[in-house]
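Here it is: the structure, laid out below.
Chain lettering (A, B and C) follows the sequence in which the chains are written, and residue indices restart at 1 in each chain.
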Amino acid sequence: MTRLRATLYYGILWLISLCFFAPIGWIVLSSFKTQNEILAMPPKLLFSPTFDNYRALFANDGIFKQIANSVFLSLGAVIVAVVVSFLAAFCFSRFKPRGTDFLMFLLLSIRMLPGPAVILPVFLMYVAFGWKDSHLWLLLFYAMFSIPFSVWILKGFLDGVSTRYDETGLVNGGSWMHIIFKVVLPQVRPGLIAAFIFNLIFVWNEYLFNFIIGGVNTQNIPYALMVGTYSDGGLNWTFISAMTSIYMVLPIVFIFIFQKYLLVGMTFGTVRGEV
Amino acid sequence: MTKAENFEAASGLKRRSVLKGGAALGLAGVAGSGLVGRALAAEPHPLAGQKIEMNILGIAGWGPSSLGVAMSPLFAEYVKAKYDYDVTFQFQEAPFADLFQKAATSLATKSQEFNIIISDSQWLGALAQPGWILNLNEIIKANPNLQLEWYSKAVVDTYMTYPDGSDQIWGLPQEGDVEALFVRKDWLEDPAERAAFEAKHGKPMPQTWEDFAELTMDEFELLADFFTRPDKQVWGFAQQYSRVYDFATCAFNNFLWSRGGRTWDATTGQVEGILNTPENAASLAEYKRWLKYCPPGATNIGIGEGVDVFVQGKVFSEIQWAAVGPAMIPEELKGKVLVVPPPKHGTGADAKRIMSMGGQPWVVNAFNDDAHMRVAIDFMNWWYLPETALEFAKRGGNPCDKATLSRPDFDDINPWNRTFKYMLEDGRSQDFWHDPKYSEMLAIQQEGYSAFVTDQATDPQAVMDYIACAQQQILLDSGTSKIEPSAMCAGTSL
Amino acid sequence: MSPGMRPQGRGRLMDNPRTRVFILLAPVVTFFVVFNTIPTLWLLGLSFYNHSLTSGMPPEFIGFKNFVAIFNGKNSIWFDLSRTFTFVICGVTFQTLLGAALGFLFWGSKNMPGRRIALTLLFAPMVLTPVATGTFFRFIYDPTFGVLNYIARDGFGMAPIDFLGNPKIAFWAVLAVDSWMWTPFMTLMTLAALGSVPKAELEAAEIDRVPYLRRLSLVIWHHGKFIMMLGILLRTIDSFKTLDLIIPMTKGGPGQSTRLVALELNKQSFESFNMGWSSAYAVLLLLISIAMTSVFIYVLNLRRRKEAEE
């Protein structure tokens, strides 16, 4: 009886998960259909899958540049952000300089602002300094946008590492650099991973900033998705479904592998624990 | 101050860009020894032996834009043979709704990111006023190839001139475009349908291009009604109602103008009292009334959605841009579609049609360096060669020069060509404002029209009042107009 | 910490409390000043100017006129704000209720076969590219070609529903997609909140035969409330920012029915290039988000204080 109940219970949970996944499944399914099959009424569940959409996708040279940009911008920005944030978080956590709370507050408020309000003054500044459509400056902007998040996550973790480690290290003659990178850093690895993954997903999915302060050279895949919605005349469903299917593999694989960091990542490190 | 004077006064910048344009030529132009004049001279081209990469910004998902690009290798061959330089093209694109944004964010930085831009006609002012695009008056003067005879004054007004009515040229037509009615010929010719229609209305269905050219909306409505069969998932008609970009505006202006209305006074910038007349409000109601022949979801139909419903066989007829002809008539619909002028409004001898102009001009980035400027000008020269224009037409594009359109074989190149030519004639099609504030004015009016067709606002007069007042305020704030919104405006809202 | 033990110059700098703070904070402060302080000051300044990028005219100082226009003009911020807050309140309420219910449901699933995969499927909507999600939902919602209407029509014999074209429905249709994306987040938070409840207390309550609802309020809510509040706050702030999702779905239409603040600002700044007005608008949004951040921090501090007490 309990076995049956357990099966039923788990069956319901699985059903709920599948319901949430269904629209995504529909996108993936569509990516193997022809345009006419996608638009067919009644919707086709059985069809002979075609890989033409993917072939067409990669037949376009621009796509590789856009993928490269997506990878470069998100990786680069997040690496810069995590390094910078770690140093700052260490400082906030250990030395508690005056104004720590205020700075932490300001940092967070950047992330709380609607996108166009963030990018508007930055755009004007980029116009004035000629920084638009540059990999470096776009990367740095993304880094700055990833910093608040990372500082918050890492400070939470650093607060949890006992200062006794630092003291032992110092007594044993280690330099502060040694302590920071060799003693403390390894202990906050979960925080680093969480900061890394969730900023990466954010930059990976980011569209507006890329559209406004990026350009020909720096366009990423979300940009391509937005621009490629229409093909000659109609809506380009084959492109949208194929591109989306490929592009979401990375975030979904990440939340599978790094599931235990999900909570930390999604809450600025303010909530810890596993699900 | 008239609009033109005001424009002069407002923009030292404009003059600067004229000078810049002059300079670009001037480098070239003096006594035929300069860059541009040299096109005809025997001496070697200044770029000979060089490799240039050009960037074109065009409209994503817009056939004619991609055609321009698809044809660019021909230009590369042409200049290689003629001037001995190598040019490659990079094509960048953005959808209609975002392209101005893309162009403007880039041009604001004085960037050469895009050397040539396919602009939509109503952006001319917004691009010209800050001096972002090249004034072409001097270029045209120096290049006999560009002194073409255009098919009609509408071409010049729509794609080339800003401010309206002045002689300042900022663009050259890339794709000409007009509204056309796409009709399922195979449905019309079905004997069973014919018999049923005749039994019902006591007259035969129109069959030929000529029949449709004389058709009025009232007569056409019988057809639209006849083919509207929701139980069979088929509807009689479709046109654009979408809130995106200018979709609802262009479709509604067909009604507004054809029924005798006007949108504004281009010289004084007066909107209030011109746009919000009771007649125009009635036109708005009429525009909405046609929704009953459209498929569900028609209030979201834009260009792309319109193509989808037509190609998937959901509608009998659709008012759509001639430029999307190749997409509207794919392989499986070849021979089954008749492209005719949209029906006239009104009855009897008073019936008339004044439809929206579509289409896009080429504009040239004012910040191009000399080499790119030179290639851009060579490109324009090449684009208007008779061979190029013909090739463009053969691939499904719509050129605008009189010579090409007057060719005896032109009408038969594409199914929509005859209608295109017919509608391009003066008085049949016109464009709306080219004001630099167009985007703000457009947003207001798109929201208003969209709110009305979706029943969010129910009083057409109130909607028109709201739009007219808001637009009047925008024009007053920007200095384009001296006319203040009247006291009535305080009470208007959407 | 005897001075003789410092081998490198850098190490020595790190011993001075002033310099080490400086060294560690320099990068972050540089980033902050360049990408935040300067632009924000720029924004503040520009909010007092009439500046249109397409007019070709230099900015003109107009005092508070932009703010007056924002509050009193035809396009007043109140409409957008009330719409946005409706969006936020309805969305967050729904997501919290459903998310919490699912959280309770998943609470006892530690031994579920394939739990990790099931959770990945459940959490997938929140890591998708919003632009792609929005575009695709436009298709799913389509009255003629969309699968939802197919189900409604052929499954339930309903008249076609124009989800995104009907202003009465469009707002809720967009909200539904937002909820689809973010209900899993509230489930995640609920699981975390439930995880923070000490097992011993739960068992004690069970042995004492405390009624279920009282157990909920006494034990579970007592321990879990801060995490839930943080979750609700984060969701509130995030949904206040909603933009990417709506652009491909409705662009703020039909009419103005889905025009949220972020969308209006995006349109005025990067379609109409009305930079002065937009700056003023952005300043107002900045004030709102600072207020929301303050509440967030306040709750965090409450929690910290409570933890210190225990």
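In this text, contacts are C-beta pairs under 8 Å (C-beta built on N, C-alpha and C of every residue); 3 or more make two chains touch, one makes a residue touch a chain.
Just so you know, these numbers come straight off a predicted model, no measurement behind them.
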| task | Classify the chain contact graph as line, ring, star, complete or other. | result | complete
| note | Per mean C-alpha coordinates, the chain lying farthest from subunit A is B
| Euclidean distance of C-alpha centroids - subunit A vs subunit C, Å | 15
| Distance from subunit C to subunit B - Cα centre to Cα centre, in angstrom | 39
| note | Residues of subunit A that touch two or more other chains sit at 39, 41, 123, 212, 226, 229, 235
| note | The positions of subunit B in contact with two or more other chains are 101, 105, 108, 233, 308, 312
| field | For subunit C, residues contacting two or more additional chains | value | 144-145, 270
| request: Using the touch definition up top, name the residues of subunit C that touch subunit B in the complex. | output: 50, 52-57, 73-75, 142-145, 149, 160, 162, 164-168, 250-257, 259, 267-268, 270-274
| subunit C residues touching subunit A - in the complex, by the definition given at the top | 1, 5-8, 10-11, 14-15, 17, 20-21, 23-25, 27-28, 31-32, 34-36, 38-40, 42-43, 46, 102, 105-106, 108-109, 112-114, 116-132, 135-137, 139-140, 144-145, 147, 150, 154, 180, 183-185, 188-189, 191-192, 195-196, 227, 230-231, 234, 237, 240-241, 243-244, 247-248, 261-262, 265-266, 269-270, 275, 278-279, 281-282, 285-286, 289-290, 292-294, 296-297, 300
| subunit B partner contacts - residues on subunit A that touch it in the complex | 36, 39, 41, 123, 126-127, 130, 132-133, 211-213, 215-216, 226-236
| task | Enumerate the contact residues on subunit B facing subunit C in the complex. | result | 10-11, 13-14, 97, 100-101, 104-105, 108, 125-127, 129-131, 233, 242-244, 295-300, 308-309, 312, 314, 436-437, 439-440, 443-444, 446-448, 450-457, 466, 469-470, 473, 477-479, 492-494
| message | Touching residues of subunit A toward subunit C in the complex: what are they? | response | 9-10, 12-14, 16-18, 20-21, 23-24, 26-27, 38-39, 41-43, 83-85, 87-88, 90-91, 95, 97, 103, 105-110, 112-117, 120-125, 140-141, 143-144, 147, 151, 170-171, 173, 175-177, 201, 204-205, 207-208, 212, 221-222, 225-226, 229, 235, 237, 240-241, 243-244, 247-248, 251-252, 254-256, 259, 262-263, 266-268, 270-271, 273-275
